[in-house]
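Have a look at this one.
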Amino acid sequence: MADTNVSAAEHDVGLKHHFDDSGQQYESATLGMWVFLLTEIMFFGGMFGSYTVYRNLYPEAFASTSRFMNLTLGATNTAVLICSSLTMALAVRSARLGAKKKLIFFLVSTLILGIVFLSIKYVEYHEKWVDHHIPGPGFHYDLPQYYHQAQILFFLYFAMTGMHALHMIVGAGLLTTLIVMASRNRFSAQWNTPVDMIGLYWHFVDIVWIFLFPLLYLIGNH
Amino acid sequence: MFPVQASTGAGQVDALYIFLLVVAGIMTVGIFLCIAIFAIKYRRRDPDEIPRPIHGSIPVEITWSVIPFLVMLVMFAWGTRLYFENYTPPKDTLDVYVVGKQWMWKVQYPDGTREINELHVPVGSPVKLILASEDVIHSFYIPAFRLKHDVVPGSYQTYWFQPTEPGRYHIFCAEYCGTNHSRMTGWVDVMDPASYQNWMNANAPADSMEQRGAKLFAQYGCASCHVLQTTPSPALNNLFGHPVQLANGQTVIVDESYLRTAILNPNVHPVRGYPPNVMPVFQDQINEEQLLDLMVYLKSLSSNQSAAGVNPARPAPAGKAGAKP
Amino acid sequence: MSTTLPRPQIEAVNYLNVDYSWKSWLFTTDHKRIALLYLFSITAMFGIGGVFAGLMRLNLLFPDGLFQHDTYNKFFTMHGIVMVFFFLVPSIPATLGNFLIPPMIGARDLAFPRINLLSWYIYIAGAIITIVAILHGGVDTGWTFYAPFSSSYSNTHVILAAIGIFIAGFSSILTGLNFIITVHKMRAPGMTWGRLPLFVWAHYATSLIQVLGTPVIAITLVLLGFERILHAGIFDPNLGGDPVLFQHLFWFYSHPAVYIMILPGMGVVSEIVPCFSRKGAFGYEFIAASSLAIAVLGFLVWGHHLFVAGQSMYASMVFSFLSFFVAVPSAVKVFNWTATMYRGSISFETPMLYAFGFIGLFTIGGLTGLFLATLAIDVHVTDTYFVIAHFHYVMVGGMVLAYLGGVHFWFPKMTGRLYPENLARLAAVIVFVGFNLTFFPQFILGYLGMPRRYATYAAEFHTLNVFSTAGATILGVGYIMPLIYLSWAWFKGPRSPQNPWGAKGLEWEQSPTPPPTYNFDVPPVVTEPAYNYAGEVDDGGH
Amino acid sequence: MTKSHITPVGVYVTVFLALIALTIATTLISRIELGPFNFVVALTIAVIKASLVVWFFMHVNHSSSLTRLFVFAGLFWLAIMLVFVMSDYVSRTWLPGPRWL
């Protein structure tokens, strides 16, 4: 699997001494990140499962909520997140090329797009607050016959987008760390594993949104 | 080792149980004997001895995977068959309505008799329980009949049994339900048919569940749509036990669970061919016991064609003619 | 703790004596030291859970109980939560697994040592929050947290306990993640998959469950917590929700989790039996593959907890069938262990006694699982003491015995000391007798119809409950004995030779006892299959 | 070594444009009444978009088969959960038990 030439390997930058060489270390980190993303799939999976069950139980009620979802903001946010995925992919590419300035530029762009996404999300949440669409004692729904069912949908809406937004906030923190590390010349064409890892994380968060968008905003749009 | 067998099903479950005990006993004794014999026969006699290695044998592995699996298939088939039987009531049962709440069982008979933590049933006739809960999940458990089912709020659960032995048997709540869970117990009184009749007569109340249901039917103004058809609405005679096609294309048999949803949340599974969102939501308007009264009344409309005032002119969407898939 | 001990100068530098400062323990990234941190923490949690168990058995000595109903309800809830989430799930993986997987595969450490330490801190954070919940009056929902009781009716610290479990879950996820990557990427040259010790195979399978299952219970508890605050109705039938959905999500994790609580034990026994029979495992490939089969099939059977819960009868049928399916790999393991002893050279040291106990009790626990998978019988015995007896045979008779067996087996490796053998044998017998006296009567109680979670019970169940409580007393003695003599042996026991059992495996043969910080003085190279007691010539890692 | 693989910028931009186009498509199609197919189309497009991100942005196209196996495992386990949970809900209203056993 790996040769045991420890003394040669010790010269690699950023190599922890329980690894044999930086290839093994990089592969372990990538694979570890993917396993972590597996847990994330299952974490969101619990909510997607609940969503599936209730959408199957209450199709009409769920469809009725779409008129209270802000499709324009939802679609804009989808585009914003896709843009941020592009800049993140380009950041990873720049890191692999060892291009520091480009790397910082793309990381900052990604961070800005992430903040734009969160700001738009805030506007949406604020709308829901004004419209009394927050589940709980103050919940109000214009179609009284669907009051309970719609409340469950909004509960799931806030759980899913809230968990997603939480992941975005964590991602923004990680990006900030990367920017600081990059500006301190911590990355090189040889060692840039953290950029790769956080790139994977960021793309995953994007994928979650790619599913949330049709499931929450496009249910009964026609 | 065995609790009393007091129903037709109890003996069947015990028979299956004994089959499993025998299989499990043979397996356990076999493994224990092997371990004991090997441990004695092949104990280390010389500190330096190295036994000849045996790596394994694919035929042996296949044998001891497949044979137990075939035996387990018998358990599966036998157990599944009994399960479906116990939870699928026959026609013409004596229906008893049970409402669980923290921490008591409220039992109601179609003739209107009510009791708490007691269930009186006659020997020899099939009895169907319709179980509802007012608060948390309970479980109505009668060990002498080898039967239980969770009582899930928001739905009806049913099972049936046919008592064979007169006597008093435990009722337990078997799903943890809070402080006095272990006090949520009661007794099934299995009586011979004559004493059962006497008991019924002695306790007969002023009005039956059907009568109480009819009053509720009037009180909530159900008749204006469902009978007088001021708005086109599904007719209610010959509905119970028949298939009905829903707006989403599904066909369901109208049972207690369906009627429950149709009354409490009529817009969740509307019937095909009727305008949606007309009937008000009765969730929070009506309690479990009233709902059961109403249910018995609605059921009576299906068993008794002459039930007052139901308009037979407009066929229900799923009458005999509508029973298409 | 080791600081007070005078040690002879000749002792080689190892992971224990390399540094005595408290910082060197609390900030260690050495998997062996983290394993010991876990060992002490879970022993403490086992103590707490055990005290609750004792109080329950005390209450059940009398048909009318001894404590208030609410108090008893909290006892069994806290017993379940502490034992399941804070003892059984981390027990073998986080201690023995953490300690042994790197040396067994010839690695210097786990792939992510800092994450390993982080997982211990996360565990401690979860444990502290749970203990705070206990001290503030506890929880009374049962460890299963069934809605709507937990979401709308219970007046206890449900959210606090849920947060504790939620946090501890991440510790479990990180441990599993670490093991998976370590097994994939850190194996020594020559350590092919076909040569991996069965202990490692079992832990690999366990890790898959931890990684794939635990996030689901995490999100389920989050939803439950918000439902409890907002009453939006996601699990509340009065508000349009379905309480059975909670059970689906809960058991999607919690059924596979019972395999987290037995697979590592199977791994331990798969090491002990060959060692004390001096003979390679019979059907190595089948034992290894059955671990993976259990991990995968274990995810397909959770619905057997819902046979009477309002689940569709057809879904129950499918889940019943698959539950029988998962019994096959478990049976295969038992047969293979037994066959390993055939024509072996069997000796009777303490670990082997625990392995005998494990095989016997797991056989009973597994076979009674068939009763519960059989639909019609499950209807009668589910939620009775039959279930209690069944899963205690698997989890205590199985996992705890394997844990004790493993701790004795590797105690010389971990400490460099030997424990008093005859005292340990006596304790093993006491545990076995006490266990059976405690839990066998509960099978009978269950079939007679005594429901679980009852603070008071009908008079006819009295005699068997007295037996059970008496057995629990004996079992308690059996648990306290190892605690005492192992603590003594840690400091005062005679020095252990490098390989006291004559066992095969990199951790015994090539890593010094006790190991140095990076496990090996010379990077190991593997040239023979696992358990090659006969010294057969290499067949190319078959 | 896999880590040094550099994807041309053009590939990323093409994938990006495809993602934006698919987002517009799914939004527009949702306005057309297709009955149950609205849901099918929306989900299909989402799956295509997610696959593009996984395959190109997350470099699964250049990853080891082990990584691909892990990605597959994630989807497989999610499918287990959705399928088996739904198996209960869809069959609850099925007709009462047959006597075929």
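In this document, chain identifiers A, B, C and D correspond to the written order of the chains, with residue numbering beginning at 1 in each.
The rule we apply is simple: a residue touches a chain if its C-beta (ideal position, glycine included) is under 8 Å from a C-beta of that chain, and two chains touch if they have at least 3 such contacts.
Predicted model only: the values in this text are computed from it and were never measured.
Considering the contact criterion stated above, the chains in touch with chain A and with chain C alike are B, D.
Compared on C-beta pairs in contact, A-B and B-C come out with B-C as the pair having more. In this assembly, the C-alpha centroid of chain A lies 45 Å from the C-alpha centroid of chain B. Measuring from the averaged C-alpha position of chain C to that of chain D gives a distance of 36 Å.
In whole angstrom, the spacing between the mean C-alpha positions of chain B and chain D is 39. Taken residue by residue, chain B touches two or more other chains at 80-81, 84, 87, 265, 283, whereas all remaining positions touch fewer. Annotation for chain A: residues 27, 31, 35, 38, 42, 45-46, 49, 53, 57-58, 148-149 touch two or more other chains. The multi-chain contact residues of chain C, meaning those touching 2 or more other chains, are 184, 212, 216, 240-242, 244-245, 248-249, 252, 313. The part of chain B that touches chain C in the complex is made up of residues 1-3, 12-13, 16-17, 20, 23-24, 27-28, 31-32, 34-35, 38-39, 42-45, 49-57, 60-61, 64-65, 68-69, 72-73, 75-76, 78-84, 86-87, 102, 135-137, 139, 141, 143-144, 146-150, 152-155, 157, 170, 172-183, 185, 265, 283-284.
Within the complex formed with chain C, the residues of chain D that make contact are 66, 73, 77, 80-81, 84-85, 87-92, 94, 97. Residue ranges of chain C in contact with chain A, taken from their complex: 107-113, 173, 177-178, 180-181, 184-189, 191, 211-216, 218-220, 222-223, 226-227, 229-234, 239-242, 245, 248-249, 252, 518, 523, 525.
By the touch criterion stated above, chain A contacts chain D in their complex at residues 23, 26-27, 30-31, 34-35, 37-38, 41-42, 45-46, 48-49, 52-53, 56-57, 71, 75, 78-79, 82-83, 85-86, 88-90, 93, 96-97, 189, 196, 199-200, 203-204, 206-207, 210-211, 213-215, 218, 221-222. Residue ranges on chain C touching chain B, taken from their complex, read 65, 69-70, 73, 140-142, 146, 148-149, 152-154, 237-238, 240-244, 277-280, 282-286, 307-310, 313, 316-317, 320-321, 324-325, 327-328, 331-332, 334-336, 338-339, 341-348, 356, 359-360, 363-364, 367-368, 370-371, 373-380, 382-384, 444, 447-449, 451-458, 532-536.
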